[in-house]
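Next come two complexes, and both contain chain A; in the first it sits with chain B, in the second with chain C.
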Partner chain A sequence: MAQDVLNALTLGSLYLLFALGMSLAWGTIGVLNFAHGSIFMFSAFGAHLAVQAVPLPMPAMIAIGVGIGAVLSLAVQVLAFEPIQRRAADAHTAQLQIIVAGIGIAGIPLAVAQYVTRSVPFGYSAGTFEVTVHDLGPVRVTDVQVVILVAALGIAGLIAWWLRAARAGLALRAIGVDAEVAAMMGVDRRRLALLTMAVAGGLAGLAGVLLTYHLGSIAPETGDAFLLKAFAAIILGGVGSIAGVVIGAMVLAGIETLVLVTTSGTWAPAIAFGVLFAMLLVRPRGLLGRMEVRRT
Partner chain B sequence: MRGTRWLRAAGALLIAIGATACTAPGGQAGAPAGASGGGGGEGLPPTIKILSTRALTGPVSFAGINAQKGIDLAVERIAQDGLLGGSTLEIETKDVAASTQEAASAASQAIADPSYAAILGPEASAQAAAVSPIAQSAGMPVVYVQAGSEGVLVGDYTFRVTPPAQSYFALVGAHLAGKGVRTASVLFNSGNPTLVELGQKAVPALGEQHGFQVVGSAGVEVTAQDFTTAASQIAGQGPDVAFLMLTGPQSPVAITQLRQAGFTGEIVGMSAMGAGNLAPAGEQAAGAIWPTNFTATQAAPTSQEFVRAYQAKYGGEMPNNYAAEAYDAVWFIARGIARANSVDRAAVQQGLAAIAAEGFAGAQGDITFDGHDARVPGVLVRWDGAGEAVLEDGTP
Partner chain C sequence: MTTWLSSHAVLVQSTLVSLLLALSIQVPLRAGVFSFAGVGSYAIGAYAAAIMTIRLQVAPVFAIGVGVVIAAVAGYLLALLVARLAGLYLGMATIAFALFLGVVAVNGGELTGGATGLYGAISTLTTGHVVAITGIVVLLLAVSERGAFGRRVDAVREDPQLAVSLGIDVGRVRRRVFVVSGALGACAGGMNSLLRTTVSPETIGFHLVVTALTMIIVGGALSWAGAAIGAVIFTWLPTVLQFVGDWQPVVYGVLVALAAVYMPTGLLGVAQSAWRRARRRGLPADEQDRPQADDPERALAALQEARP
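And now, the complex of A and B:
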């Protein structure tokens, strides 16, 4: 039982790390970035290429992954999303075009990684870090699991605090509520949008590297599967709410783990998404949608 | 005047229909409508065109790219061998990635073009299942590699050179019985029909036959990435052996997490563990075994001949099962055409059926056919932490 709870928390933390960046960008600057999964995978892949050349420790790998994720995300914002936002007739049209552009852009890093790896899984076995397993009474926990749990919950707390207490965070929330009014109040929307996308990309990179350490290897297509789960977690928790994403990710992972433990496992995705669907019928804005009013 | 024009048009239409009827499927009894080409036995043209629909990009590109290498080698070797006399085998490859629509569209185009004698079909079952009915109804011979699910072999015109995993899975049973295995747990990918059948039917049947009991069986979703919970469950059940009927990318993750969960028993997989897929798991996967239709170190003389030729062409690279299967598939088509002595599609089908009835020796060893579905002796392989080595060879 304790082991199952730990496994569910780890899975939920992985969903959370992935979903945090998506949620931040969607809930504040209105960018639903469907290239997030590709950035997540390509950051991990970039770190893999680096470790093949030079044996690196885990902190260096994380730094590389975060850096690649941030740069890729910034590039997507500057080269694709900003021009769309400038040219679109209205905000709603821009959001739809950004979704389509994100789906299209996602194919590029995926194709590159598939071409280089031939879709064979890749990992960090050439690095200096080795996963250690600890027996703590009834549970077995790896050091990577501990890092994932601390990173996911710590970063979620940090972002939630920053959005509520820091001046820049408050400005970002103001953009989420009404971008035009925020601009009239002196908020530099472009600068904050770039910062948000860089943070979102960096979080994707962090999640990609940690997931690769946790699983031992990932495939180029791994990002696609996580994108769907993260999207579900955000919708369940309530768009734009950091606390909602935390709850959404943990509930999704909890249901999946419960189904796996109590049934043959075949129905895990169907039951998990069925429960989500039923919950959204009752609370269309997500679990914390009403409490958070509009945006974080 | 107008009536005369209509009469002329109707007459021309009747002549055209008559001419088509005369040239339809080489006069073969029972051949499907729509087959084109001249009558059988008229000899081979200077160039024999085959369409190859491969996944050179996308999630199954690991199979497509390696298959392409086997195809290129086979074309070279067939030319050297002189099997087709003065004719040249020309294989036109279309990358259909993971798209079922593209695979079906490419097949339809080849069917409409009378210069194509046959199709080397796509690897993915979904793509193959879309191509087969089109090809069968049009009388176009198709030879598949991989594409292991039901609905792929739908009639006389469809053949498969990759044997189903179930046909050589028995190799595992004898090995486990020898090790005194009494209990087993199964983890299978619930979105893949072949893996579901292996997990839910083949493994329990093996247990009944060789005296071990399945104490736990669980499915995971088709794109599952994390097996922590499933691994903990299996470790808790404490079986002597864990069967992992998973895809290539899932296998190293599941093995790593099983070992981290404290499982110390035997690990058995299937051919998806080959082709370098276990490399990321490294030493943690050492000892994992799986039955396969081909490994580069198997003993069969024709297998070793293929390996030597492959290494000579590709700078010492070791071939994997995807390359071996595609190599055999091209040779199978070439033999069928040579037997037919014609590129008429109905005649090629007859030629392929005749070769299938006889069997032949190829990269996979001695290949026989159950109907239109290949069978090979198979080989049991063990991962030693850095590469795969033969544990038991099914070749007598």
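And now, the complex of A and C:
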């Protein structure tokens, strides 16, 4: 039982790392990045290629994953999403185009990774890092799980604090409420948007490398599954709310683990969709989301 | 013509099935409703047609018809459920609905054949039937884009508040759009199952959402013709792109991204604006300032005419 709770928390932390940046970008700069899952997978894949060439320790692998994620995310923002937002007539059409562009771009890293790996799962067995298991009374915890839990909750806390306390955090939240008024008040929208996308991509890369360490190996298609779960976690908690994503990710992982443990598990993939749909029907803005301010 | 048709039968079939699926997303989009329920209806239609054909050996028209009726009813109920949602949230809810049905198909036991799906749905459906059905559907949709009804739908898309103030029942237009979308999706799914004689959970997954959406965006979202352009391009592209070999998905992704960034109105929109410019250049100088198709006054007149 305690072991199941720990596993659920680990899974939830991975969802959280993945969904945190997505939720932030959606709630503030209005970018719902469908290529996020692809960036996540390709960062883990890039680290895999690096470790095949040179046996690297875990911190170096994490740095590579975060770096690749941030660079890819910035590239997508500069090459696709910025031109769309500049050219689109209004925010609604821009959102739709950003989704389609994201879907198109998502196929590119996926195709490259599938071509190179021939769709065989890849891992970091060539690295210098060995997983050690600690027995703590009723539970067995690996040091990878410790890193995942600490990283996820630490980073979520850090971003929540930054949004609340820092001047730039306030500016980013202001963009989320009304981008034009924020720009009139002297907020540099472009710089903050780039920063948000870099952080989101870096977190996706971190989640990708840690997931690969946690599971031993991942397939190129893992990104799509994570993307759909992240939607559920974000909607559940409320778009743009950091505490909301934490709750959403943990609740989703908790329900999934519960279903996996108590049933044969064939319904497990439906949980994310069911939760997403039910939440949108009952409370579309999520558990902790604020009402969308709309002026027409 | 007939020899060409018989040698390319499979390609023609998948083009038309893709067209109907794309239309099931395009019809709601025309009314400003961002719904992927058509993909869920595709799943309903695909399984209903296969089950009816295998178990009861009914004629294809009944097998597909049952799916169409179920999906249209499901579409109506879904429209009532999600009446409060709009924009991306509506898109998310309908994606969740569509993908949930895929998991239901895996868990359906003997009825849906579980993860392996259903085989041997052999029927008398031919390419000619598919061409005829698609032709009728496209004709009806083309008619619905004109006249008072077409203008009413345009008004609902462009400005729902204004449409309400003009006496248009926005809720009713949205519900109708969901029903039509459900019927179109189920028709596409049913025909696909019977043409391929098989259906499995893998054939109704997330990739259908991607395919349908890219077809509409590249072709053009505001008319059936855009969906037709997209369906032709993306069904025939693999045969054209054979020279790039394994890198086909990469080229595909780049094309979709470029289209989304630089051609937001799709190929149809690009062609229409080029046609309009060319016609304007042909007019004498004093006619150039005359009101054109995009004139606000004419748009207003069209909106007022749309009042029932």
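Keep this in mind: the second predicted complex is superposed on the first by the 282 of 296 C-alpha atoms of A that agree within 3 Å, B and C clash if a C-alpha of one lies under 4 Å from a C-alpha of the other, contacts with A are read in each partner's own complex, and residues count from 1 in each chain.
Operating definition for what follows: contacts are C-beta pairs under 8 Å (C-beta built on N, C-alpha and C of every residue); 3 or more make two chains touch, one makes a residue touch a chain.
It should be emphasised that the depicted structure is a prediction, and the values quoted were computed from it without experimental measurement.
Enquirer: Given the touch rule stated above, what does A:123 touch, chain B (first), chain C (second), both, or neither?
Expert: A:123: touches chain B, not chain C.
Enquirer: Is A:115 contacted by the first partner chain B, the second partner chain C, both or neither?
Expert: The answer is both, since A:115 touches chain B and chain C.
Enquirer: Taking the superposition as given, does A:60 touch the first partner, chain B, the second, chain C, both, or neither?
Expert: Neither chain B nor chain C is touched by A:60.
Enquirer: Touching A:49 in the superposition: chain B (first), chain C (second), both, neither?
Expert: neither
Enquirer: Just checking: does A:187 make contact with chain B only, chain C only, both, or neither of them? Give me first, second, both or neither.
Expert: Touch status of A:187: no partner.
Enquirer: Once chain A of both complexes is superposed, is A:216 in touch with chain B (first), chain C (second), both, or neither?
Expert: A:216: touches chain B, not chain C.
Enquirer: By the touch definition at the top of the document, which applies to A:224: first (chain B), second (chain C), both, or neither?
Expert: Touch partners of A:224: chain B and chain C.
Enquirer: Pick one for A:266: touches chain B only (first), chain C only (second), both, or neither.
Expert: A:266 sits against chain B and chain C alike.
Enquirer: Tell me which partner A:276 touches in the superposition: chain B (first), chain C (second), both or neither.
Expert: second
Enquirer: Identify the residues of chain A that lie in both the chain B contact region and the chain C contact region.
Expert: 111, 114-115, 224, 266, 269
Enquirer: What residues on chain C touch chain A, complex-wise?
Expert: 34, 81-82, 84-85, 87-89, 91-93, 95-97, 99-100, 103-104, 106-107, 161, 206, 210, 213-214, 217, 246-250, 252-262, 264
Enquirer: Which stretch or stretches of chain B touch chain A in the complex?
Expert: Against chain A, chain B makes touches at 57-62, 65-66, 190, 217-221, 223-226, 228-230, 232-233, 236, 248-249, 252-253, 256-257, 260-262, 275-277, 279-282, 284.
Enquirer: Along chain A, where are the residues that touch chain C in the complex?
Expert: Per the stated touch rule, the residues are 32, 80, 83-84, 87-88, 92-93, 95-101, 103-108, 110-112, 114-115, 224, 228, 231-232, 235, 266-267, 269-270, 272-274, 276-277, 280-281, 284, 296.
Enquirer: Report the residues of chain A in contact with chain B in the complex, numbered from low to high.
Expert: Counting only chain A, the residues touching chain B are 3-4, 7-8, 10-11, 14, 111, 114-115, 118-123, 125, 131, 133, 140, 142, 211, 214-222, 224-226, 257, 260-261, 264-266, 268-269.
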